[in-house]
């Protein structure tokens, strides 16, 4: 059964991922090799937006949290995969945060399905 | 293959549903029999929030639109089901908008999977 | 005194602006002269996000609508000014939508202050 | 001059306030004296939504952060004032988080104006 403590760990991971993705988004837009980062910029925004949505949903105890977290996990993984094609430090940072967040979201999503 | 015209119809449906749900939310909070509307108030907010998210995602051509619209369809259906337990006009209005929106989101979600 | 009809006009303008800004955002990321559009890409996202926020706030009859619409007007104007530095059609389209939306938001913001 | 550390403190305060407001929102909807909490429920949602918006805006280094944080401060204060009319523990918790968040947002908003 889920506890609020488990949610807190996932909320923290989503915040760190939103932060890392938005930092990478802003940093990418300043890079010299901007053209190679087009897809990365798009996915950084997608990932930050779903993380933001998931954070609010967890704090308001959404009855749809299992599905929201599964979607968040999928988008975090896609963002990590795109980030892994690039060598910039802000892209490398994104990979770690996105993968950790995806694992926590997926694990909590599965627990939430059982709990519901 | 999806065209922008098909998106426009779904965007319009999501806007009307967000509008109907938020109107029902505000109206429910003014009702005399407020206590019977607790769950309806929560689902109105959930439905308005995912519709708002889906609208932005469609206008920015999100690569995750299939999954986002499927989630939106599920939440619209849940909101319609809850609204159908109540007799207020604003609840009745919600049912129609939510069901229409759910059908469009689901249909576009399936088309988007094929397209991707 | 404000009526719901006046809100509807402003909601429509915000939706069209969000749509135009997100279309310009996606289109800019595909352009050959991407490097000249860095600031435009950032402001397109800023403008789409505040328009999305304002739309939800209007539909839920937010008590803070005067301040939210003033902020939306300011950001729409900034986005229009940046877009006017570029010659792409999607940038030109943004200018018109943003300026129209800014005027409606500001006018409604001032009416809302009187009304509150 | 603002540093990222100052932003981090404000981001944390916004997250705690969003969390407290959404918890109070959910808890209020379960209360026996629900009817006395109508306005509190509305303001809890308003406050959670602007905090969520402000958090994203800070992490993406929005050029409009001064105005966004001033709006967030105003809404936090309104929510604290409404919460102070009620005796429930979740309302009392809201007051403290909202007041602290309002002070940090306002202070950072004024610093950002100078910095910009």
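A, B, C and D are the chain letters, set down in written order, and residue numbers restart from 1 in every chain.
Everything that follows uses one rule, which is that contacts are C-beta pairs under 8 Å (C-beta built on N, C-alpha and C of every residue); 3 or more make two chains touch, one makes a residue touch a chain.
Since the model is a prediction, treat every value here as computed from it, not as a measurement.
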item: Contact-richer chain pair [A-D vs B-D]; value: A-D
item: Centroid distance [mean C-alpha coordinates] between chain D and chain A, Å; value: 23
item: Rounded Å distance between chain B and chain D, as computed from the means of their C-alpha atoms; value: 27
item: Multi-chain contact residues (two or more partners), chain D; value: 26, 42, 45, 49, 56, 60
item: Graph class of chain-chain contacts, one of line, ring, star, complete, other; value: complete
item: Residues of chain B touching chain C in the complex; value: 11, 15, 18-19, 22-23, 25-26, 48-49, 52, 55-56, 59-61
item: Sites on chain C touched by chain D in the complex; value: 42-43, 45-46, 49-50, 53, 56-57, 60, 62-64, 67-68, 71, 74-75, 78
item: Contact footprint of chain A on chain C as seen in their complex; value: 26, 29-30, 34-35, 38, 41-42, 45
